[in-house]
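Each of the next two complexes has chain A plus one more chain, namely chain B in the first and chain C in the second.
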Partner chain A sequence: MGDFFTVSALVVTFASGIRLATPFLLASLGETLGQRSGVLNLGVEGVMLLGAFGAYYTVLKAGSQPLALLVAIAIGIVMGLLYAVVTLVMQAEQGISGIGVFLFGLGFTDLAFQKWVGTPIPIARLEPWPIPGLSDIPVIGEVLFQHNPLVYGAFLLVPIMTYLISRTTFGLNVRAVGETPEAADTLGVSVNGTRLVTIIVANVLASLAGAVVALEVGNFQQNLTAGRGFIAIALVYFGAWRPFGAMVGSLLFGFVLALVNQWGALGIISGSASSLAAMAPAVLTIVVLVFISNRVGQPAALTRPFDRSN
Partner chain B sequence: MTVRGVKNDAEVELEHSAASSLARLRPFVGLAVPLLAVAAALAVGAIMLLALGTSPIEGYRAMITGSLGGADKLADTAIKAMPLMLVGVGICIAFRAGVINIGGEGQIIAGAILSTSTALLVPDLPSAILIPMVLIAGAIGGGIWGAIPGGLKAYLGVNEILSTIMMNIIAAHFLSFLLQDLLIAEGDVKIQQTERLSENADLPLLPGGTRLHLGFIIALLVAVAAYILLFRSTLGVRLRAVGHNPHASRYAGMPVQRSIVEALAFSGACAGIAGAVLVFGSQSHRLIGEGGAAGFTQSAGFNGIVTALFGGLHPLATVPASFLFGAMLNGGIAMQRAVQVPSAMIIALNGVVVIFVVGSLRLRERLQRWFDDRVGIETSKERA
Partner chain C sequence: MSVSTVPEPKPTSPSITPMLEMKGITKRFPGVIANDRVDLSVRPGTVHTLLGENGAGKSTLMKILYGLYQPDEGEIFFEGKRIEIMSPADAINHGIGMIHQHFMLVPTLTVAENVALGLHPALSRADMGPVRRRLTEVSDQYGLKLDPDAYIWQLAVGERQRAEILKALYRDAQLLVLDEPTAVLTPPEVDDLFATLRQLTADGRGLIFISHKLHEVMELADEVTVLRDGEVSGHTTPAESSREHLAELMVGRSVSLTRDVGVSEVGPAKLQVDNLYVRGDRGTDAVKGLSLEVRAGEVVGIAGVSGNGQRELAEAIFGLRPVVSGSIAINGEEVVDHTPKSVRTNGLAYIPEERMKDGAIGDFTVAENLMLVGYKEPPFARRGFLNLEKIKERCTDLVHRYAVKTPTVETPTRNLSGGNIQKVVIAREFSSEAEAMVVAQPTRGVDIGAAEYIHEQLLRQRAAGAAILLISEDLDEIMQLSDRIIVLLEGEAMGEVMRGDATVGEIGLLMSGVR
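Presenting the complex of A and B:
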């Protein structure tokens, strides 16, 4: 335990906590926007896996990380369009169709990996871009300003998403469509059009979140994301459907993961106990849901398909 | 459309016969729509096979002969169908009560852990006592794992979709912990598995010379029991009423909160029995954690959901539905051998099936309503 409370160990833990929070943050920001428009996208985990494999495979074959991100974005758009058809046109029960997306992502990435890659081949990981000046500050600089660009990007998205949801006409439409779609429709707001946009954004961010996981690990394996996508959905509830809240939750879970990793590396928890420690995020999620539920109302039209004929 | 009252007799006559033939067609809509959904999913699977550079015809042929060709293959299909049937029947109970149970995976594992522990604690009891004991232990394990998110939803308002998913993750890690620690087989084996469990707890093989075992009968009995519970008991009326309209049920004096807990507990108990059947009906007669939790559960916790939906959330209709999906799983293994496509393909395909079947439910509902409207109009005309 003594080893853990040194400045260097704490700096490493906090810095890696922020890095590990990034996939949660990207996915939960997208999911926040989607749920504000009344769409529950339970397929985040599956889309993350697809994005992760797409990015991994692109770097493996083409050796370009920017291209890998573009591929992840494209995968997100395709999956978004598919989920929009399922949700908006076929009006499937959202609590279950997302499980289908998850299973598809889980199975397909495993299949593609076995068929096209075979044995895990490491790829180049994301390089940190220290911010000049700021990164030289002792402790704070190391914790906050020596990350890869995707970490900065994800955290920059928080104010952008807040502004988008609460200050723009589009954000107003999103909220209207998520609370009372019938009223929004009467006023000429396209309910399904608005939801189409939020679904695509949510899927692109989920796919990017998966790409971040793959590019930070520098490898791929079956079920690489290990439930992170599901936790990201819970973080939307944690954050009371606000981007800032999602960020707080993502950081909390990032730090928990960093602690578990760090304690494992320092030998504080070892062997079979690491499996027990791996339960921590899921247990924490349930505890958090207990405290959050019944306090903040969810968007009134969440999971309710819009059908003018009803 | 002609306005009512200006039709001549011949037209009315014609519509009567049309209405009665419509009425005859109606039950087929309930079956045809999900079947078409599965066919569409298989078409997507064919595209996936093509993308992987294999012939879909060859792949699917291997799948069909591998799952249906001969008594042994059929028995293996039934073995794959068992956990789907048990989980699916449980899903019927939960969904009918308006509770979405995504926690089948965790409930299977909880049932497997408790039943395995029972067999390890009292291995010397005679089969006639030990087998019912391990099955009941499985039901209790799964029931508890379901009741926890049930209680969280009923009394604390925690979304059950999220909590059941988290309970899956917790159970998977807990299983991994137990198999590395408390329950690991003696000796320095590095495989995550228990020792060979008591022979007295082995589910006996059914006559016929196949690998089919008692678990099959148990699954059928559970399906019938769930049917009686849902449609022939006061508890079932209450659960379905709560699922249909919780607010009205509350005004009618029904204990809505308790009903939610009960529904998830029963649902989990069915999955828990599946866990026990997977352990004591397996060929190794061990609880094995190799290949992760999904390796043990065969993803039945998720696949059971689509099985139940395919069966229209009716426990007895879930039985044939489980055979369809059991055949897909069993055939997937044959396909893997025949055309070298990893069996992960089947997980992906199942995902597509879930999406298509769930997506088709609204269509089925609409078509059935359309039939009911047509038949209703014609019948009322006939009365007039």
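Presenting the complex of A and C:
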């Protein structure tokens, strides 16, 4: 135990906690926006896998990380349009169609990986961009300011998303459409138009979250994201449909993952115990959902398709 | 005083040229013609009332006007020009506003945010300052006091309606459609609303007022168009008409608007409630220390705007909702915390306010719904096997006795009209020979003809010695049928009056908290 409570060990744990929180944060911010407009997307995990593979494959073939991110964004847009057609035009049951998206992502990325790559080939990982000045501050600098740009970007999105939802006309439309779509419709707000935008943003962020996982690991394998997309959905509930709440939840999960890794590496928990410890995120998800069962703040029209003639 | 009696023409007085003309509007749905060549014209500065039973086509016509439906045939002219209304946004742009019966408000947003929805470009800073200022101006002008920063969920029903009206006025609607605006209001609130509406017509705005309350129509309207089965069955003015005449136009036959209650022998107490406390869905006390007694051969009416503990009271008596403290006795037997089945065994019948949620199962046939209570008893079932022949015999008899209009007893109940579904529920409950009954909103959403019949049945039960607790938002219904009236406000009894001792106005004041 003594090894763990040194400053350097704690710095590593906290820094890697923030890094590991990033995919949760990106995905849950997108899902927060989507759910605020009344759309549930259970397919986050599938889109993450697609984004992860897309980014991995782009780096593998073209060697460019920026291009990999653009590819992930494009994948997000395509999946968003697809999900919009399924839920807005065809008005399919959202809980079910999201599972379809997940299974498609899982199956397709595995197939594509087997077919086009075969054996895992490592790629260049994301490099940290220490922020000049700030990163030199002892402890704090190391924990907060020696990350890769996607980490900064994800955390910057928290205030941006908060402002978007609570201080802009678009956010007003999103909230109205997620709560009482009929009222929004009678005032000339396009319900499906608003939802189309939130679905695309949510899918782009999910796809980017997957890309982050692949670029941080520097490799790809079947089911690379290992349930992070589902946890991100749980974090939306945990965060009471607020970006800041999603961030708190993401950090919590990031730190738990970091601790499990760290303790394993330090030999504090070993062998079969570390396999048990690896279940921590799953157990934590269940505990979190049990305690967050009152659902204060849940958009009233969540999962309800809008049809004017009803 | 009604607007039509204002003597000299002012600049804004009713003019001859209509602001709105709907000509030959026809709308078909699979199997039904909802509107059949309907004409409607509204002059500025007047109130045009649209009268009709449920399903007569009023809502369809208004949804067409507001761009929610497209007509199959017909034309709409607004201020002399032919217009196409493809969406609510089009309607708003032309200056048409709608006050929906089920308020179109987002509960989690403030009044100002609700008003601002859809007004500004899709992505810009939501600056509520100017909205708040203009909203305050409009609300001062029309005496519609409301805090712009209050959340809708915090508002009482009357205030929500003001928010709904402000939404239309903020957009400077010249023609306002009000869909049964008085259904949710107390009598004093109705007076305030009418004052506001008169001010709006004095400004030269046109109003379409949808209602089925005949006395309101007579009071407010300049013109009346009556719809029946999708067609215009009459066009008249209050001066040339009478309540009886309007009712006849609505129903298609003459209808009695008064009830002959007769005298009945009052017996021992059958239903007693003592110092009852019940919690509502939000965990706060919905019924607070209520005591009442209903004796055999007596109708006790519970008056009050809905949401004042009526539903919780009914559910607690019937064993559907836990009781915090207090006692409920049926036939002298304590039934607090009994199951509904056990309460029934003690002699209580129940007609719930939401007939499609708690009263009947839509996908079940008429016969199945009629047998929901007695299906286990012989001769309808033996050792767990249903005797379908006996059931059919019994149900055919009930359908006949209670005048349920249904093709067969095997028809799914949801295919029936609201009035006939209610008759199915009533047939089941009244035929159970219970001595005490809780009857909630028996004629809500039911047409005049069926209401007349349901009231007759209720009075027949009273004459036969049943103790009836009648819960209704319809003050006319309460006053016509009840021997005693208890006014409920926020879960407490505001007062009790005997039949004939109080006017609508006095009860209305009690309903709004003035003793």
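Assume the second predicted complex is superposed on the first by the 308 of 310 C-alpha atoms of A that agree within 3 Å, B and C clash if a C-alpha of one lies under 4 Å from a C-alpha of the other, contacts with A are read in each partner's own complex, and residues count from 1 in each chain.
Simple rule for what comes next: a residue touches a chain if its C-beta (ideal position, glycine included) is under 8 Å from a C-beta of that chain, and two chains touch if they have at least 3 such contacts.
This structure is a prediction, so every number in the text was calculated from the model and none was measured.
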Check your understanding: Touching A:Thr168 in the superposition: chain B (first), chain C (second), both, neither?
Key -> second
Practice item. Have a look at where A:Val290 lands relative to chain B and chain C in the superposition and call it first, second, both or neither. Key: first
Exercise for review: Report for A:Ile96: first if it touches chain B alone, second if chain C alone, otherwise both or neither.
Suggested key: first
Revision key, fill the gap. Interface with chain B, chain A side, in the complex: residues 42, 46, 86, 90-93, 95-97, 99-108, 110-111, 114-115, 222-223, 227, 230, 233-234, 237, 271-273, 275-276, 278-279, 281-283, 285-286, 289-290, 293-294, 305
**Study point:** chain B residues within the chain A interface of the complex
**Key:** 48, 52, 100, 102, 152, 156-159, 161-163, 165-167, 169-170, 173-174, 176-177, 180-181, 292, 294, 299, 302, 305-306, 309, 341-342, 344-355, 358-363
Exercise for review: Mind listing the chain C positions that touch chain A in their complex?
Suggested key: 66, 68-69, 87-89, 92, 98, 100, 103-109, 113-114, 116-126, 167
Check your understanding: For chain A, which residues are in contact with chain C within the complex?
Key -> 167-173, 175-176, 179-180, 182-189, 300, 308-309
